[in-house]
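Both complexes below contain chain A, partnered by chain B and then by chain C.
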Partner chain A sequence: MTTLPESTTRKLGLVIDLDTCVGCHACVVSCKGWNTENYGAPLSDQNAYDGAGSGTFLNRVHSYEVQPLATSEMPHPAAQLIHFPKSCLHCEDAPCVTVCPTGASYKRVEDGIVLVNESDCIGCGLCAWACPYGARELDAAEGVMKKCTLCVDRIYNENLPEVDRAPACVRTCPAGARHFGDFADPESNVSKLTAERGGMDLMPEQETKPVNKYLPPRPKDQMDHAGDIDILAPFLEPVMEEPKGFLGWLDKALEKI
Partner chain B sequence: MTHHQPKIDTSPKVSDEVRKTTCYMCACRCGINVHMKDGKVAYIEGNRDHPVNKGVLCAKGSAGIMQVNAPSRLRAPLKRVGPRGSGEFEEISWDEALQIAADWLEPIREENPEKLAFFTGRDQSQSFTSFWAQNFGTPNYAAHGGFCSVNMAAAGIYTMGGAFWEFGQPDWDHTKLFMLFGVAEDHDSNPIKIGIGKIKARGARVIGVNPIRSGYNAVADDWVGITPGTDGLFILSLIHELMKAGKIDLDYLARYTNAPVLVNGDEKSPDYGLFLRDEDGKPLVIDRKTGKLTAFDKPGVRPDLHATHRAAGVTHRPVMHLMAERYLDKQYAPEAVAERCGIKADKIRTIAAELARVAFDEAFELDHEWTDFRGEKHTKMMGRPVSFHSMRGVSAHSNGFQTCRALHVLQIILGTVEVPGGFRFKPPYPKPVSAHPKPHAKVTPGSPLNGPHLGFVQGPDDLVLKEDGSAGRIDKAFTWENPMSSHGLMHMVISNAHAGDPYKIDTLFMYMANMSWNSSMNTKGVMEMLTDTDENGDYVIPRIIYSDAYSSEMVAYSDLILPDTTYLERHDCISLLDRPICEADGAADAIRWPVIEPDRDVRGFQTVLVQLANKMKLPGFTNDDGSAKYEDYADYMVNHERRPGIGPLAGWRMGDKGLQHGRGAPNEGQLNSYIANGGFFVKHIPEAAAYYKPWSKEYQDWAVGMGIYDSPQPYIFDLYVETMRKFQLAAEGHGDRQPPDHLRERIKATMDPLPIWYAPFEDDNVDTAEFPVHALTQRPMAMYHSWGTQNAWLRQIHGRNPLYVPTKIWKANGFAEGDWASVTSAHGEIIVPVAHMAALNENTIWTWNAIGKRKGAWALGEDASEATKGFLLNHLIHELQPPKGDGLRWSNSDPITGQAAWFDLRVKVAKASAPPDVSQPAFDPIKSPVAKGPSELTWKVGK
Partner chain C sequence: MHPAPSVIVFTTLSGLGFGLLFFLGLGLPDVSGWVAFVFFAIGFGLAVGGLLASTFHLGHPERAMKAFSQWRSSWLSREGVAAVAALATMGLYAAGVIFLDTRIAVLGWIGALLSLATVYATSMIYAQLKTVPRWKTALTPALLMSISLAGGALLAGQIALAQILLPIAAVIQVIWWVRGDGALQGSGTDMASATGLGPIGDVRAFEPPHTGTNYLLRELVFQVGRKHALKVRVVAVLLGFILPLLLIFIPYAHVSVLVAVILHLMGIAASRWLFFAEAEHVVGLYYGKR
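And then the complex of A and B:
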């Protein structure tokens, strides 16, 4: 079994805004593209042009329907659809690392990124079993475990312009729903966003201390609140009752311009 | 094991070179950085400098690498050797292919050019392809707008000189309330996602109006799960509430719209309902200062919204009066429309109140000086931070034009168009109808057409009719059946050609339109029309030429295939003459260039058109000495001049003192300048011209300098569309050009010059008790039409398309996961897998568009999920309305523009008692002209 570092200098990770994610899969494919060409073995695809097709992805978007409970104010709340991107959360207490029999899985001391050293990976799959989030995928062609590297080969890459030294998923996200930074720094953009918007751990009861945080969707369908119309009613106060009255109002209103 | 951390290289080489070009994984046209390794495409990312996507890129764009390696790519020109539809071809040389095409086309051109129907699908080079068709001389040219969103485009142009997407955008940086209606998730997709992200980051509100709560509607703060086809009624109810409360921008309406223009009130006059005009033909208003009749644009005039003009015993009232009379009527009260729209009256009222609150209570001013077209100087720009966006969902109905008009009128009465925080045009828009061409269709054998095919009619005189009153065009565009069909009716071409109505054709020539599958209504019927033979055993449509880059379903139904390149292997120009990529703050255009060379015997379609034109010596392509003007498309892009100094590309043209933008002579180094600049050109608009563009002297002068107009073209918005009234007058019996009697009542009813709502035609054509359910499609953000399926990565995201069923119908039928449903319309039946979706209008079912594939197409295995579990809704929709017993063919289209009414569809749903093995209807496999791809992909170009 493999030990975790006692602490890491930085805690790099992602903030994913569930209020803004439109479920477009841009992050999914950008990740697939970068990581097929870069770190370790390519992300392979089986039945690429037949059957159902299935390949290795380090990041996937799942969509869930949510039915809010009825309240006296909203007796018939509309169902909602939440898009939920999911990749490795680079946990502080990463069970995928401690379960690894060869030391191939490890957490980096300097930034907390959890990586797989593919040359030491025997493809036993214990780490995928240990991960409560289903964030690791065994590549069917290469027989090694693949996972999000937080684009460790982008974020420090001196061959990239500084502005591009971010994970591929963050750089490409059209809605700006993904943010990258250091959670060990309370002044970082990710720390501030987490504080302002009530960023949450995924399945905290698993005690993995995930580094990535999710910003919850803002309350929806507030216009369906009984009573809202009373607050807004003054904006619709009729200026007249009959069409003729409208013309009278019009004349007076024009005088004021 | 103790902690062991290997050393890794965190700065690996990313690529040998970055080549910047324009994406074509959908119609968005984002800028992309193509990273090359060993001469191959290694990675694609968004170009941060690009005006459209500003660095981001969607799933499709990033998957471009799997498009240029797709096994479905055609490899060489093909000549059909088996029967049509079999997919049996032999590969031929380009010399032979071009010779065959010329041998078919030249006699047509000499004898009767209308025998060629040339329709170009999802073409991004329409100013070029139309130029080719014009020089050939056929009147039968259009692209796919008629089956896409012509209602939105035409309603916008007729109302305010532009619509959404390529015409304009919300002022994302200032808007505080954004309301979107019926948006296809792949139209303008990255800019809208960027915009929604900006709005959300500010905590501003998004209201989504859509029967389906997916995508943008899923993140909308408030969702209006409207009943399909009732958007217009809902919008008119909002207008009712706003007018009733006086929450309309009177100053804006008086200055910038035809609300004060006087309408002839003399019921006996042939001009009844037309504008009072002065001797110069200018619409008249009453000047509030003098009380006198005055031309609307006279310097210093203060148009009066209230005053009427009485002459010869008749009162002539301004448009504002007619609007009050129309929209204050109780038929538009929230209570009156609530049930039909499926929206509670209180919610309609709440939305109206919120629109009013934000537009008027959160109004703000920018300190920008500007001058209006009447010469008045302003020191500020009034901002009304409410903005709208809408696309196909509201367009694709038989009441879509009037619905789109209603939405534009809603924006205008709030005073939110071309103001800070509202909706902003993108150059070359705003552009009024009067600045657009009219349609042209005069055929002269052996000579070019008399002008551009498509345009904007301004009355019955502009219709494209032959002397006997029959349609001049094969698609019957610009006829009494759909007078304002500015984009043509591509969905009617095959049906009309097969029926010989209005006439028979010889050759059907198409590009990038999958007509024997997802691009047609009545797919099975279209396959039959394409293969039908006459009494001599000859095909009813004698010859079909088709160009596509991929092995689509349409390939099998064609006689000659001209294989196109992929988007990374070609030249293209995204031109200001066409569908440009401008932003509200600047004019922009772009190119594609071959960042890789094809490894197959294929040619860019536009280059093939140049070569065909040269072979036939078409006038616009031939010098006086008989030599060819252009060698290929790249040559055309640089050297063609539409007007002196105006070419396909606006950047880096040659002036007297060196390079300049906008106007200028051709510059041989132009493409290199584009490539050096990242593949695009952008010229920003000065601050004083940033808003109020239709009326701003600063903008108009800038636009003239850029070559967008030749002279300033200020205009006022048409709340009341006089052109429509002219068609009504004809239907009432006025004028020489008269509609056929069977269309009179429909023209009177639908061509109302002020927006109205009427029920979708399908509601009258079928028994709504028998067919109570609405059925829709949406395009996913990660898949563009049929193109994505051949892409090994994208097909893993959308490899099948369940029929999404709302809770009420799910429960009523006792559906469970894994069940199949029989879905029946008046026209046909499909049997398909179902899935439950609660966030859905309770009377609506839907599925993703164009995921289902025919076996044998797109180089997929016959067991591909797209061909077994995927399906098309198209089988349920006919291109004609059900027969009315009059022997006439009534198209299933909007009666004003001819837009295909895809979303009128009504169905009934039942659980399939014996689920089939594959989605029904199923068709025999077609023989693939290309080999299948590998079973496993381990793609890495830089080993």
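And then the complex of A and C:
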């Protein structure tokens, strides 16, 4: 049934730290690697070795340049570059689920993960139309809709060491910019991070109630005052103005030439 | 949005077909025997042909039967259910009219209502999508239904009705366009809200996530050809509404009505192309393409 559950026991999801992400795309690669050979149809590529390559990805990293407004103190503020990983936000009011005509798309009552039952998917693409975030991609080889599963085949997988029971993107992130946990538990790491850092929803006006939260970039350090530019400068001041000894003699001898 | 030919053909033809079936269900024109057969055959041909065309864009058409299951929540599923119900009811009604020369009026009325309901369900597939502000309006069902009824009246030879319904559809079409042109800006969704970075300053897409294209860009971020939008709009209004209207004011003749129907169909196809090609999906904001 493609109606949404009234509420879910747990709300599993990700916190993505835009302050920490360095834009290395490791999460993109590990996501594709894990999900192309595990749950569901592989994530195919088309024309991977010629100029017009294209493929299915469940996680992509955008980059944005943000230009702060000029102020009287900062007439020419430097632009900030922000790397922006984007995958399914496992929304509480997921519009992709209710539009599905076959019941292939569903949101799990036990943990809130939004999944696609690929054997029921007719590949109409309407769920991708309904998603404001571009989280769903129709696989060109399989003709079924692919999306982030929150690595449902890792997080409960008792064949994996406990440390690996996290989504591949979280496990692989070298910067620690991705965190996985239960948002229904106010004491969880993700709930605390969201509270401390002002975790935000993407496109809140779309009223999808995303579970995943994004932590805004912190203000950059400012080193604009003259004294701050080089705090090591005082240590590099010349300690002796007049050379003495052999160097002093050489200096005077060369002056005379 | 990508103007897929299958979806344009589907909504154009099935809209006209169900419009014709609506009037046939009301007994307009009140025909029987072979003449009725031809009328119903055209109605069914357009409606069924359109529905079949819509399956061409599916990844797995062989599973299409599953799409009848989710009518409680999904407009796409409701459309399928309504279409089958309308065609079955009108089929029974048509059999009575053609072969038994008996018109079961109640059956015809139910079939007419179901035909209209099918067009409404089709329109709601688009009108429900908050992600496409141009479509997310009650004007979208009004537009698709008024076009379906105007075309149906034209095809059913209900000239007096067509003379009223065509101008109504034309006016709704123009209002829909004017509203649609400001819809994305009025929706409150922009790059600032999409990225949440608005509080820092002006947000600009710096690098896309990949050097090539992808499904999202092909399907949802269609941009080619919009520069001709105004010309296509003029063509759509001329062919779809104004010329057919002029033709049916000529003293009644089968040929002029036939030409009017063909022109109308071409105009509506142009309007439907714009319906998709001009529709801006908010995901384009993430790619800096809005």
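In this section, the second predicted complex is superposed on the first by the 221 of 257 C-alpha atoms of A that agree within 3 Å, B and C clash if a C-alpha of one lies under 4 Å from a C-alpha of the other, contacts with A are read in each partner's own complex, and residues count from 1 in each chain.
Criterion: a contact is a pair of C-beta atoms (placed from the backbone, for glycine too) under 8 Å apart; a residue touches a chain by one contact, two chains touch by 3 or more.
This is a predicted model, so every value here is computed, not measured.
Engineer: In the overlay, answer first, second, both or neither for which of chain B and chain C A:117 touches.
Structural biologist: first
Engineer: Could you look at A:69 and tell me whether it touches chain B, chain C, both or neither (first, second, both, neither)?
Structural biologist: second
Engineer: With both complexes overlaid on chain A, does A:251 touch chain B (first), chain C (second), both or neither?
Structural biologist: first
Engineer: Could you tell me if A:134 is touching chain B, chain C, both of them or neither one (first, second, both, neither)?
Structural biologist: second
Engineer: Between chain B and chain C, whom does A:55 touch in the aligned arrangement: first, second, both, or neither?
Structural biologist: So A:55 meets both chain B and chain C here.
Engineer: I want to verify the contact counts: of chain B and chain C, which reaches more residues of chain A?
Structural biologist: On the superposition, B touches more of the residues of chain A.
Engineer: Looking at A:163 after the superposition, I want to know if it touches chain B, chain C, both of them or none. Which is it: first, second, both, neither?
Structural biologist: First partner only.
Engineer: Under the stated touch criterion, which partner chain does A:202 make contact with: chain B (first), chain C (second), both, or neither?
Structural biologist: Second partner only.
Engineer: Do chain B and chain C land on any of the same chain A residues, and which?
Structural biologist: Overlap of chain B and chain C footprints on chain A: residues 1-3, 28, 52-55, 57, 63, 65, 67, 79-82, 100, 102-103, 140, 142, 217.
Engineer: Would you mind writing out the residues of chain A in touch with chain B in their complex?
Structural biologist: Residue list for chain A touching chain B: 1-5, 17, 19-26, 28-30, 32-34, 36-38, 41-42, 44-55, 57, 63, 65, 67, 78-83, 100, 102-103, 106-109, 115, 117, 140-142, 152-153, 155-160, 163, 168, 171-177, 217-218, 220-224, 226, 228-229, 232-233, 235-240, 242-243, 246-247, 249-251, 253-254, 257.
Engineer: Which stretch or stretches of chain A touch chain C in the complex?
Structural biologist: So the residues of chain A touching chain C come out as 1-3, 18, 28, 52-57, 60-69, 77, 79-82, 84, 86, 95, 98-104, 120-126, 128-134, 137-140, 142-145, 200-207, 214, 216-217.
Engineer: Spell out the residues on chain B that touch chain A in their complex, using ranges where they run on.
Structural biologist: 1-6, 8-14, 37, 42-46, 48, 53, 55-63, 65, 71, 185, 189-190, 193-194, 196-198, 200-201, 207, 213-216, 218-223, 225, 241, 243-247, 250-251, 254, 288, 304-306, 320-321, 324-325, 328-329, 344, 346-347, 349-354, 356-357, 360-361, 781-782, 790, 792-797, 799-800, 837-840, 859-865, 932-942
Engineer: Considering the complex alone, what residue numbers of chain C touch chain A?
Structural biologist: 1, 57-61, 63-64, 66-70, 72-77, 80, 125, 128-132, 187-189, 191, 193-197, 199-210, 212-216, 219-220, 281-283, 286-287
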